[in-house]
Amino acid sequence: MKRSLWRCYGRKATSAVMLALTGMGTLLLVAPLLWILVYVVRQGAPALSFGFLTQLPTPVGVPGGGIANALVGSAITVGVGLAAALPVALLAGYYVAARPNTPLGIAVRFATDVISGVPSIIMGIFAYTLIVLPQRHFSALAGGMALSFIMLPIMLRTTEEMVKLVPASLREASLSLGAPEWRTAISVTLPAAANGVLTGVMLAVARGAGEAAPMLFTAFGNPTMSTALDQPIATLPHTIFVYAISPYEDWRAKAWATALVLILLVLVLNVTARLVAAWRARRLGSVTRV
Amino acid sequence: MAVRRLNVYYRGFHALSDVNLEVPANSITAIIGPSGCGKSTLLRTINRMIDLVPGARVEGEILLDGENVLAPGIDAVDLRRRVGMVFQRPNPFPKSIFDNVAYGPRLYGVRGPALAEIVERSLRAAALWDEVKDNLKKSALALSGGQQQRLCIARALAVEPEVILLDEPASALDPIATLKIEELMRELKDRYTLIIVTHNMQQAARVSDYTAMMMVTGEGSRAGTIIEFDRTETIFTNPKNRLTEDYVTGRYG
Amino acid sequence: MLRKTFEAELQELKDEVLWLGSMVERAILDAVEALRGRDLEASREILKLDRQINAKRFEIENRVVTLIATQQPMAYDLRLLASIFEIASELERMGDYAKGIARVNLRMGDQPLLKPLLDIPQMARKAVQMLRSALTAFAHDDVQAAHAIPQEDDELDALYNQVYRELMTYVVQDPRTIAQANWLLWVAHNLERAGDRVTNLCERILYIATGEMTELDASGDEWTRPA
């Protein structure tokens, strides 16, 4: 009796210690994140204003000016990247999930692993040789393509995982009604996986929106407002890079402010995506919860 | 419907061995037997869902209206329209109630008022219409388990199959929902031929007209076959095969 | 072997039926013995025994219903339980015959027997022997015995006819014997009916073992008219 009581205390003590350890781990993880956030807000907030978002950059020493061109440029390059990568990611992701053990399935998975391990600057150089060199000038298109290579494996992998999470019984239900497989994929499997896929897309967008290195060889940057795909274009991370390494105090302040804008944008996008997913789940009932 | 000398192999492993079965039309035939005897495999061969299993090989004949559905000329996708299936767990699509039932007819190009009519008729046939008629746009996943399963039956009925296969359709349901499904099956047998796989012998005894007893036979073999087929009352009161007797009295194993 | 508990309960139930059967055997033999010895006290004991038999029958039926409700018996088990229901009620009726014989003895009060009883005890022994054979066949699902036992009923019928003829000669010679002759004929009739009941038992035993429902002796249920 007494011994079992001691053992009971022992179990409770172990449980308490482990809980404390996991809590500390969580804290260790969250603390730097919060610190970065607080630091960026403190550094960037003073230079942030409505005009900062709507005005074009001004030369050094000229007061005012903003990052309107970079905001538009980032949206365009990420949009191009998404448009190029998403269809491929959905189709290939479905294929890999549905036929994991075919030679093509294995090859695609292997290729995805390799691509996701390639440093983003290499992706920039790849897009540079593929698009910039033949065209003989930098362009938004080249920037978008570089981003699409970076975003592709992220979206492909989430699509694969989410499609795998869709219960086989749903697929079978569709097939048993006489639906061909392509119809089943489009009408049942991918919609059922949509919420998870959406999260993957958001991750990829956040990642793409934050890439500076590949932009050096592709989008190049542009101090004026440009929406043309075949012209150089400014992007937020590239702007941060240029401002941050400059010797001028007011540019460096603008770099902080731009960084804050980028972080807030990614945050808003993520929250929106979560809300959309939650709304969809409430309306139709979720098959794959993320 | 008839199954003749059916053999099924999975990558060399013999799953079904010489299965012979005459399924009388407009009746309910139950397939009973211990786990792993090939009941589900037999069901999935009848609507050729087994084609989707890599490495599965099928020999023999399954005759539907005198036509061998295993013949190379028969398209499995077309066949599945004639042989509906209801699964172990209710598996409605994450769509509205209407869209679930309309899924099949839409595949075949039905639109507009004709579609609405089919949906209503199928839901009525599945004894679900009165419960959902005001909420057709609601998500199917908001229904209770028993309602979901009846929705799945309605979804299968909407493509007007000749045969309906039910793979343990009530194993995930509570007793009341189970009895509703069984009652529904009895109503459906006037128009359809039903084949139900069940682990629940009382259910087979309650609901079916004929019962097929499946079992793995032979030393060292894992291939299942039908060891006895008879009217349900005979199987449960006076089976001829010793193994059937042991199984229905609960002495098998 | 699965269902050890259920198996044990079925066996126990069969034992109960055999026990009930042996109570009936004793009731028949003792009732006739009490009549032969004009022992009224013994006959009163038979009435008590009959109440025990009735109670036993209800107990068995109760257990059958419980097992059907809780164990979902199928095939052999179901046939066994359904048949035990029938067998218990047949045995209880045979117990009633013994009670009827005891009543006859009590009604006859202190009047002496017309003659020493010979054929009636012989009938009782025959009926009890058939019953015992049937119970043994029940215990072992003995199909052959179940077929053979009803044949012995002819012997019982023959004894009955003999008793009938003998009593008739008494009545013809001396009409004052009519009352007692009638009582004794009633006793013989009860024993003859007991034999028919054994045939019914054999039909059940056959059903348990084979699942076939056959009438073993079509004339068995009818009033056997003396030839």
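Chains here go by letter, A, B and C, matching the order in which they are written, and residues are numbered from 1 within each.
Methods note: contacts are C-beta pairs under 8 Å (C-beta built on N, C-alpha and C of every residue); 3 or more make two chains touch, one makes a residue touch a chain.
Note that this is a predicted model, so its numbers are computed, not measured.
Hopping across touching chains, the smallest step count from chain A to chain C is 2.
Taking B-C and A-B together, the chain pair joined by more C-beta contacts is A-B. Chain centre most remote from that of chain B: C (centre = mean of CA atoms).
Ranked by how close its C-alpha mean sits to the mean of all protein C-alpha atoms, the top chain is B.
Here the spacing of chain A and chain C, counted between their Cα centres, is 91 Å. With centres defined as mean CA coordinates, chain C is found 52 Å away from chain B.
Chain A and chain B have centres, each the mean of its CA atoms, that are 45 Å apart. Per the touch definition, chain B reaches chain A in the complex via residues 47, 49, 52, 54, 77-81, 84-85, 87-89, 91-96, 103-104, 107-108, 139-142, 152, 155-156, 159.
Touching chain C in their complex are the following residues of chain B: 201-202, 205, 236-239, 244-245, 248-253. Of all residues in chain C, those touching chain B in their complex are 1-3, 6-7, 72-79, 210-212.
Taken in their complex, chain A has these residues touching chain B: 101, 167, 169-170, 172-180, 183, 187-188, 191-192, 283-287.
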